[in-house]
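Alright, structures below, take your time with them.
Two complexes follow with subunit A in common, the first pairing it with subunit B and the second with subunit C.
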Partner chain A sequence: MVSVHRSHRVSLPALATASLVLVTLALALVFFVVPNDADQGFSQRIFYFHVSIAFTAYACFAGGAWKALVHLWKRDPRADLESYVAVHQGVIFGALVLITGSIWAKISWGHWWLWSEDQLVLFLVLFLFYCAYFMLRYSVDAGPQRANFSAVYALFGVVLIPVSFLAIRIAKSFIHPVVFTRSGPNFGGWMLAAYCVAQAALLVLAYTLYRLELSGKRLDARLRELRLA
Partner chain B sequence: MSYAADVGALARKDLLLELRARDTLPAMLLFVVATFVVFHFALPAHSSELAASGLLWVAIVFTALLGLGRAFVPEREQGVLDGLVLAPCDRSAIWLAKGIATFAFLAAAEVVALPVFALFFHGLRGSTVAGVALADVGICAVGTFLGAMAVATRARDLLLPLLFLPLAIPIVVGGVGASVVASPGRYLGFLGLYDVLFGALCWASFEYVVTE
Partner chain C sequence: MTTAETYVTAAYCAVFAVVLLYVVIIALKLQRLEHEVDELEQRESKAEDDERETIAVG
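Up next is the complex of A and B:
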């Protein structure tokens, strides 16, 4: 049953505190410690968040697919909800990737949208794909069939990510012959440290949100059960 | 019965149904030719041949969607799927047989559509035909799978394009690449890779779509 509560090792308040501390530290590092980028100046600082958000979104999608596999494989009744919540967090972070990427593109290249940015286009495809996941999930009644459909579709996502990435790469040769190149990899010291802290902060934040949404959803399900009883 | 015999029997059933009722194929043919006429007026005069090649792929994907939307309708209306799931055969045979039948319809539609495209626009390259053949495999594999899911939902016909189009983007990339670049080998290889990856995934997970 859904009401079975798993004993997590880290409590939710501890996680929330950890994400608050880490996000504050990351903001402080990114805005006050890291030197300006030689090429792009102050605006390059969005990189620390844009890239870490993108990685976090991938982690959420991967987590969702892993839970989907657990559902199909072991028939673990909790895995369906866990997979859904992970994908949901992934879509939220995916939308943030599109927004931060768009802002960065506007400042760096003067356009809100660039088809030549691989990661941005990939996230648009994934965003559409996972929005369809919600459409699918909400047009099937709750039950084993919905869990199966969601799980199978989430598994499609992990195959779609590398295949789409490859597709966007090879599409460039006939859509965009000119490839933008970023400034060289002069990436070290404080920059690396700030990136690592921002990455850790966002991963912990995503996990906290995941746990928060999960416990809320479980509480809902438990309430519904009690009301029916 | 062996797996191949199961698949053969199921695919024969679909082809026979189509031969008798003629539900899907005439609609696909009419749709694809009408689409070409629309494209002729959508393309400005003196637009490049490349634009028409790109639009060919749009027409193929949407024609396939038309056929895929119909694929599981007889099963739904007659309650055949429950019987098939109860039958002592591997569930993936249901997907494979339906995929083969859909592939046959799509290929039949393209046997007419590609010469018509060549006639209306600017001829056809061998690599485009090879690309279409490879893409059809992927379209039918993924589309049949998603069609089986969509038909079981409340939204039904509305849902299939939403589920299918994000997954069809790599097919369009590979197909357009094979149609427009000078050395299409890379794009044909990519289409083959797509077919193998998604074919294997669909084959392995179809059981979960029809059982609970």
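Up next is the complex of A and C:
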């Protein structure tokens, strides 16, 4: 019998409380403290969650790839499950990036989507690549072979993260704003504080949801083993 | 409400709705697992009772 259980330092209720506090604080800063942007006005407030969700999605995909590497290296079945859950989180946050980005594009550019924008298209490619991860995973019977295929696929996808992130920096013509440059962020004061809090809130929220889904998956796996015993 | 306010509200509501939907799906799954644990426990206690009866008769 192979155990997929792993103990964690921070409890799930503590993480859920931290997520709730941070998300509430971020929303309060975004809607009641941060001033209107001089260029985009009120609609710029989408930025705080849209960019934070995008970085969280990248972090989830990178985490999934890291766990995939651990699985291939140590043949640890816990790492396979953790990689799967991290990729799942990444896809959920990736969908949120596309939804919030489309709404922001409509109000700022007048279009829901622009195929001429490298940043948008590359993020869509990254998102669809990881959507296909689930098609691959569920087309193979559960076992070491499925875990290995999934791990290799998750590792390949990680290459797309820097490409997607750097797309707007290497493109010659673009309308997607560049906020983080080599000289630092193009904003400060309450705007920077709100962004930092929103980023922390989304990362903690993603980790909470990751732990929640992981505990469900582990319980499911243990129940299956008990039924077979 | 201005157009910009409507779009910003829509974006934040979409985030809230997706996270809520995800939590509801996970909660339903955990409820199903809890039900399965109860079933297994009942099956085990029934098996123990049957074993006790067999020993008492035998």
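Following the convention adopted for this analysis, the second predicted complex is superposed on the first by the 196 of 229 C-alpha atoms of A that agree within 3 Å, B and C clash if a C-alpha of one lies under 4 Å from a C-alpha of the other, contacts with A are read in each partner's own complex, and residues count from 1 in each chain.
In this section, a contact is a pair of C-beta atoms (placed from the backbone, for glycine too) under 8 Å apart; a residue touches a chain by one contact, two chains touch by 3 or more.
Since the structure is predicted, the reported quantities are computational estimates derived from the model, not experimental observations.
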item	value
Which of subunit B and subunit C A:Phe123 touches, first, second, both or neither	neither
First, second, both or neither for A:Leu155, with subunit B first and subunit C second	first
First, second, both or neither for A:Tyr195, with subunit B first and subunit C second	neither
Contacts of A:Arg227 with subunit B and subunit C, given as first, second, both or neither	second
Which superposed partner A:Tyr58 touches (first subunit B, second subunit C, both, neither)	neither
Partner chain(s) touched by A:Tyr84 [first = subunit B, second = subunit C, both, neither]	neither
Subunit A to subunit C touching residues, read off their complex	27, 41-43, 45-46, 49-50, 53, 92, 95-96, 99-100, 103-104, 106-107, 205, 209, 212-213, 216, 219-220, 223, 226-227
Of all residues in subunit B, those that touch subunit A in their complex	149, 152-155, 159, 162-163, 165-167, 169-170, 173-174, 176-177, 180-181, 186-187, 190, 193-194, 197-198, 201, 205, 208-209, 211-212
Touching residues (chain side subunit C, partner subunit A) in the complex	2-5, 7-8, 10-12, 14-15, 18-19, 22-23, 26, 29-30, 33, 36-37, 40
List of subunit A residues in touch with subunit B within their complex	72, 125-126, 128-129, 131-132, 135-136, 139-140, 143-145, 148-149, 151-153, 155-156, 159-160, 163-164, 166-168, 170-171, 173-174
